[in-house]
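Chain naming follows the written order as A, B, C, D and E, and within any one chain the residues start at number 1.
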Amino acid sequence: MNTILVQDPARPVEAVRLRAVGDGGPILRVNNLEVTYYTDSGRAKALDDVSFTLNSGEKLGMVGESGSGKSTLALAMMRMIKAPGRIEGGSVVVGGGDLMTLDAESMRKARLSRIAYIPQGAMNSLNPVTRIGAQMVDAVKSHLPREGRAAIEARCKRALQSVDLDPGVYRMYAHELSGGMKQRVCIAIGILLDPHVIIADEPTSALDVVTQRQVMETIDNVQKAINAAVILIGHDMGLMAQFVDKVAVMYAGRLVEVSTVREMFTDPKHPYSQALISSLPSLGNKGVFQGIPGLAPSLLRLPSGCAFHPRCASAMPHCTTIRPEPQVLPGGRRVTCHLYDGEA
Amino acid sequence: MSTVALSPPILKQVERPSRFVLFLRYLRRNKGLAFGVLILLGLVAFTVIGLMTVDLKQAYPLSVAAKKPPSWKYPFGTDFFGRNLLAAMVVGMWQTAFIGVFAGGLGTLIGVVLGFISAYFGKWIDGTIRTVCQILTPIPVLLIQVVIAGSLDKRDVTIVTMALIVVLLAWMGPTLVIRSQVLTMKERQFVAVAKLSGVSDLGIIFKEILPCLLPFIAAAFVAQVFSAVFAAFYLAVLGLGPLREPLLGNIIWAAQSQGAFFNGWWWWPIIPSIAMILILGSLALINMGLDELANPRVRRSE
Amino acid sequence: MSLKLVIRRLLFLVLVIWAASTIVFFIPRLSSRNALRERFGELARTGGFSPADLEKIIASMNRQFGLDRPLYEQYWTYLGNILHLDFGYSLYRYPTTVTELIAQSLPWTLGLLLVTTILSFIIGNLLGAVAAWPRAPHWLRAFATPFILLTGVPPVIMGILLLFFIGFRLKWLPLGGAYSVGVVPTWTWTFFFDLMRHQILPGLALILGSVGGWVLSMRGMGVTIQGEDYVNFAEHKGLTGGRIFRDYYLRNAMLPQVTGLALALGTMVTSAIIVEGLFGLPGIGTMLNLAIRANDFPTIYGIVLFITIAVAVLMTIVEFIYPLLDPRVRSS
Amino acid sequence: MADLLRLENVSKVYSHGIINAHSTIALRNFSLTLKEDEPTILTVAGESGSGKTTLAMLLLGFITASAGQIIYRGKNIASLHGAEKMAYRREVQAVFQDPFAVFNPFYTVDHLLTVPIKRFGLAKSKADARNKMEEALTAVGLRPEDILGRFPHQLSGGQRQRINVARALLLKPRLLIADEPVSMVDASLRATILETLRNLQRDHGVSVIYITHDLTTAYHIAKSIIVLYRGSVMEAGDVDRVIKEPQHPYTQLLVDSIPWPNLDQRWGAQPIKAREVGGNTDGCRFRTRCPMAMEICKQDPPLFRIDERHAASCFLYEKRPEIAKAQLSELLPV
Amino acid sequence: ESPGLPAAQEIVPKGPLPDVPRNQTLNLAWGVSGGTSIGTTNPWVLPGYTHQEGNNLLFEPLMYFGIFKDGGQFIPWLADSMEYTKPDFTELEIKLNKDAKWSDGKPVTAKDVAYTFEGQMKYETLPYHAHFTQFVDSVTAKDDLTVEVKFKQPAPRFKFEVLTEKFDTGLPIVPEHWMAAQANPTASVGLDEIPHSGPYSVVAWNANQKILDLRPDWWAVKAGRSPEPAVKRVVIVNILNQPIDTVAQRLVNNEFDSSVDMRAQVIGNILEQNKDVQSWTGTESPYGYLDWWPNSLWMNTQLAPYNDVKVRKAISLAIDRDRINEVLYDGAKIATIYPFPLYPNLQKFADSDAVKAEAAKYEPGKFDVEESAKLMTEAGWTKNGDGLWEKDGKTFDATIQAFETIHGDIAPVLAEMLRQAGFDSNVNFGTDAYQNMVDGKAGLYLFGHGASLYDPFEALNLFHGKYSESIGSAAGNNRFSRYKNPEFDKILDEISPLGSDDPKFQEGAAKALGIYWRDVIDVPVIQWLHRIPYNNHYWKNWPSSTNVAAGENGAFWAHTGALVITGLQPSGAN
């Protein structure tokens, strides 16, 4: 639906934004996404039955330990999983159409224009030998081949301005920019075509706090301007608290809990979420913070039953044998834990 | 006291395959390397079995009937001078291997030693070694080798002198490679940790850095062997090698000067050519594979 | 680029030339052989002049070539001469100077070498890039990969094989010579086409003999580059495969190859010596080959030195234009 | 009270390029004293490029100071030899940021522990060595049988970092320099590792210099803090004071930017001035980004004492008593 | 004046060359010395000048010698006659042809001849300087067409050896009026400027090729010496660097009309692949004509261990001549025991009873490894573990100095034979090979005896003690043996003034040959055959064993090459 608008070069960007604001229902629906990596040492199910929805303008935080499958999810949504990984099933519906059913060329067109990705390693994500401008222009050109040179340039400069960068950056090379600036260039590229969904994979993990704050505020601003849904991937709960509306907790390839930020911080349901929250340092409770015992499981040899049970303080006998299924609690929170069996 | 909980026991013991098995598995992923190793093993087997079973006297002139095409009796035929090309290939391969390994080994050794000295001690030593290497690099080595070989007394030209000529200007490559690797290694934190553990300079070189450089050294060695074989071949093809020896280049050179193709003795130049192609090809493949092994970013991981 | 950097590079160039000239100067003097005598002996043998007074002639030639003066003096004069590209007289074609000889044969070699080097560079790099590019069509990759095996085929062997199969058996192309027998070089199309026909086989031998190296190194480079974040991000941007290949992947992977180009020229010249000889072309390679056979040492050393200087100068030029290709170097 | 390690007006200047030399002052006139028998945890904080790692490297003797000197037990570390040098090596240890890079990929992780045991002669026999290793590993919450005999890539980041801490534990140094020990470790593991560091100080009398840009963890583990900006000390003092009531505009910016995991403690609205690439080299180094910059800031600001355990290097506090930079250590709580 | 190297200079045509169709052009593949002395057409510019690269078409001798007609005959050329006017061979009168002219129209006169001779006496670099100073007393131009030469001592062989051109020896006559005008006649290279009397003129000359075009006004046609040449243009293509395969194939492809000589197998294959191509012996083995250059393993008789006659004999006994014939020449009888070519007159000498008796006595062709070993043991050598002769811990250095282009096939075979008899033998094809021979540094050389053609004297004279230089000083005129034996010298001195047919000469020569065999001065190995391919596609009437013409040998590069080329007739192909 929206693709028609995007492909109309005559229509100013503002018009698209205004129209997008009017949209109400879920802009993104991820259903039963499954990804497996076929490695020499066995099959690793990196995404297992992942489902969630997101409305336009909504910001989702995706947290979880290293290796829990966060980046895999992002890549799966972009359909950029490479061998030895394979998307085994599920759908990613963005604004009505399922990305998984698109042919390769349509999927290429959908990237950036419908679903954009802001990479983790912004430091190295810009081509070192061409100007920033050229890299923005070719992104636009690949989607709007008929748009004129001047229009494209104007669009790019506008994008740079919207992330608080001097339009002069257009003529610069990547190595002439600081880390934060590079990250913002990536954001600018991400919003060039006003996508419905922006996925940002740890956009600030390489930056220091001050810059991190700057970048996050930038994302926040542009997201508001185009009313896109944002998925922020990271493991810094502090950042989540500052930025997102909803938090999804991932554990060993599964979403174990999805709830609003406030619910998550005040009343985490899943024992893993609880451990996560209580491991957080804050100004109030100096000296009282503790980690989650044990280690993240290997995807190759997942514990039976609930993957978290070996580290779970409230594990019950059947947790070791029966795998819990996601359930929607009253109020719309989704939890995957036997503790809440029967509450749904 | 400690608030830290123990990690839970790992339920299933992850079996750890031996390095050899891992290497075999790696070969399965890195087809080029596997192919190269396979060819090379084949050549080695050919040479070793040949050395044991073939009458090596037949690698020299006037030992068998001349100009016979390949047959059951002479699988590779015989040449104008009455060499059994099978025996000649065996000896030639062995000599090529000798030159390659000797020159390659020596060149690599010099390179490793200089590279380490240069990188580890830095300052003017590094400056000197690096500048000398960089200055010598643009000089077309093969030409200089030709010049040197050409100004030698013919009686002095033996397999060993050939190898030495090759070494003479062939150590700069490994020196620069090893030097830059040591430099990056030196900055790696495990070196800092080793220092903190009281390890001496020499200990750091030999126990910490050297083992990590093994893939690079191996790659440099193979590259070195390649260029040594190549250079020796060139010298021989130009007629600058030890004439009597059945070096592959010599045989091709002799075939050329006797008009082998025109006379219909095609097997005479073709067989050593194929042998040369197999040797150089397998070395190139192995080199490529080792490059990949040495460069973890490129390495095909499990 | 700063002036200081330019000066530094030029200084380095001078050092390279100095080192090469010094090696070239001292090698023949380390050997016990006397090239001048050998050359005269050879002339006596083929020309039939009386060698009774050989010693006298040699003494006078020694004087003429300055070989009777102390070594250090010879060395200084020699270095001075090299400064203005004076490599002395050829023994083989006295009193033609080596510089004149090079000037005569250079166009032949330059033509052949330039075309083959550039072609094999382009073809090799493209094939290597394709071989490493996971998104390339399967048949294309399958086509490109075997070229790596060409690394194992030295241009000499390639030349011999081509000569045998295409020249001898199929008789498609001339077997040798730079142009047809009895033709006098002129600036006409007829001559040009005749010339070209004669260059195909040697050119092919050089290209096929060297393309493998490029494929191999480019493939190595390509494998590294394709894992780079910016290549991945380009795909995230929804760029077409062709554009990613060209602007993101190839462009970056080519950079180190460009540096290798000048060095490769040195190797190519060496191959050209044999290939030119094989096909009877009158280039620098043949000149050098003849000089080696005639032990015309001023020519040998002159040519070796010339090639070295050429390679070093090319490397310097490449270093100067490299910043145009790589903005990172430009600013630092 | 003997001084274990004393930095006297230490500066470090990096210069790049031989012809077009331009230099970075990574650390400027830094003084610090660590007492032998007062184990403490001191945080050195600051954003990227502020000179934190430089300080660590100076302390470990990996780089030499451009000016000033570093005194270990009364001797300049540059002139240490033989047994003294070994003692210094042993007593001043480090835990680094990247838990992978500290392992030599050629060896199993045991190497990290066996080498110092051997070199420093910590064990009488093989069995003794093994015992000591297992003890240390257990103390950081690892099961020796899961760890020993494995290659670094077979372990997780958290496990690897804990082995590092175990190494420090095994050596029982006098001073441990922890350069961003948890920034590459999962948030859920950070607590565990920091906890172990704290135990080291509390139970084993090891002084810890905790280097980080993460003020949240600094706040939780340290007693005192020094805030660096581009090689200069901006503010120092008791960690509670400095973080809860930052005085220097730079510290204020830092604290303001901490993403507290607290829904009610949002980032401030204060606009951030981008850092310039070159920046000024004289006067207050924060001047160009400072919202309250004054004319006088073009001069070098001295340290002004805010209170007993708190000082800032900013002319906003011109009225307060000045203290010599060398006395900085005195106002840090232990 | 300072002797030096010639000044090579390319000859570039002033304008476009006239078109000469292929069937009037003769393409010759040649390349022994290739680019040497490009532009040097003056025969006195030595080193540098060579008659072999088409210069033999420019300069002419007083007489040619046809070796293959009637056991050898003189062919008058610039001279109508050349007679010893005294029976003791001390005076010679030369009568020139009245029609002989230089290319600039000036007549060839006695002054030119006298100038040529005096030049040989004056300039020590010229090839016959030694001969002239040894023999010639005076040269007088009696009138325009008559020259008188007076000798210091009997010179019975001077007319043949020096004044007559055959194979690669003999003296070309040079134009006095041009030479005398040069500041230094041994340094002016000549280019296309020097007047010449031969049928062709150089029109283009560079490193790739040399083009000579027919002169319209060659005196020899008018004088009746020669028919009008049919070859309008001669192109000499430098094939120096090309593999022999290529040259052979280009002959098969009719690109070349003739070429440098080929190895036995190669020429056999050429004949098989192109029926137009013939050899001296038609399509039959051995394909070649007998050259004047039989090859020996020369030994430096002054250098240990070759100074021991036992050792020399042992080496001789190690050579299996039958094997050489079989391996290298497909059974053709090429191997020899004589230091001279068996031309009719010399064959007669070899077949004489005296010589046969000497041969039976010394068995010079014997192959017997055991006897060889016995001699070596007697000489104090022992065999080491590798089966190689050893003395004082050193193996026997039997490195053969040789030339790759001509000895590429035989030298390795000889080396291997020596090796099988226990000599540590190798081959040196390096550029220093010849120098090693001249300096006497090494002991063993493969080289020809370019000496006798008509009687055995010159061949035997190679070993006269007066030429025996000590090691280190140059062995003049390829006298590498450094042999010195008063007994031998005495015989030579006795027969030197005698004519070839004198029975006393025959008797003395046989005795000397006996000493040569007895002392194993060197080991004769093979006769030298020139196997030259002749392509009849465009040109016929090539010389051959059945078409001897004037009796000249069939090499277009030899002095008599002009006779070969001017005798060619078109085959009618287009």
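Everything below uses one rule, namely that contacts are C-beta pairs under 8 Å (C-beta built on N, C-alpha and C of every residue); 3 or more make two chains touch, one makes a residue touch a chain.
Note that this is a predicted model, so its numbers are computed, not measured.
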Topological distance between chain C and chain E, in contact steps: 1
Those chains which touch chain B and also touch chain A: C, D
Farthest-lying chain, centroid of Cα atoms versus that of chain D: E
Distance between the centres, which are taken as Cα means, of chain D and chain B, whole angstrom: 48
Whole-Å gap separating chain A and chain E, where each centre is the average of the chain's CA atoms: 92
Euclidean distance of C-alpha centroids - chain A vs chain C, Å: 54
Junction residues of chain B, two or more chains touched: 3-7, 14, 150, 153, 256, 261-262
Numbers and ranges of chain C residues touching at least 2 other chains: 33, 163, 168, 289, 292, 295
Multi-partner residues of chain E (at least 2 other chains): 243, 245, 249, 431-432
Contact set on chain A toward chain D in their complex: 65-67, 178-181, 207-214, 216-217, 235-243, 261-262, 265, 275-277, 279-283, 286-287, 289-293, 295-296
Chain A to chain C touching residues, read off their complex: 78, 80, 82, 108-113, 116-117, 119, 121, 123-130, 134, 138-139, 142-143, 173, 175-176, 186, 189
Chain A-touching residues of chain C, taken from the complex the two chains share: 134, 228-230, 232-240, 243, 247-248, 251-252, 255, 325-328, 331
Contacting residues of chain C [partner chain B, same complex]: 12, 15-16, 19-20, 23-24, 27-28, 30-33, 148-149, 151-154, 156-157, 160-161, 163-164, 168, 212, 216, 219-220, 223-224, 227, 262-263, 266-267, 269-270, 273-274, 288-289, 292, 295, 300-301, 304, 307-308, 311-312, 315
Chain B-touching residues of chain D, taken from the complex the two chains share: 60, 62, 86, 89-90, 92-94, 96, 98, 101-107, 112, 115-116, 119-120, 138-143, 146, 150, 154, 159, 167, 192, 195-196, 199, 203
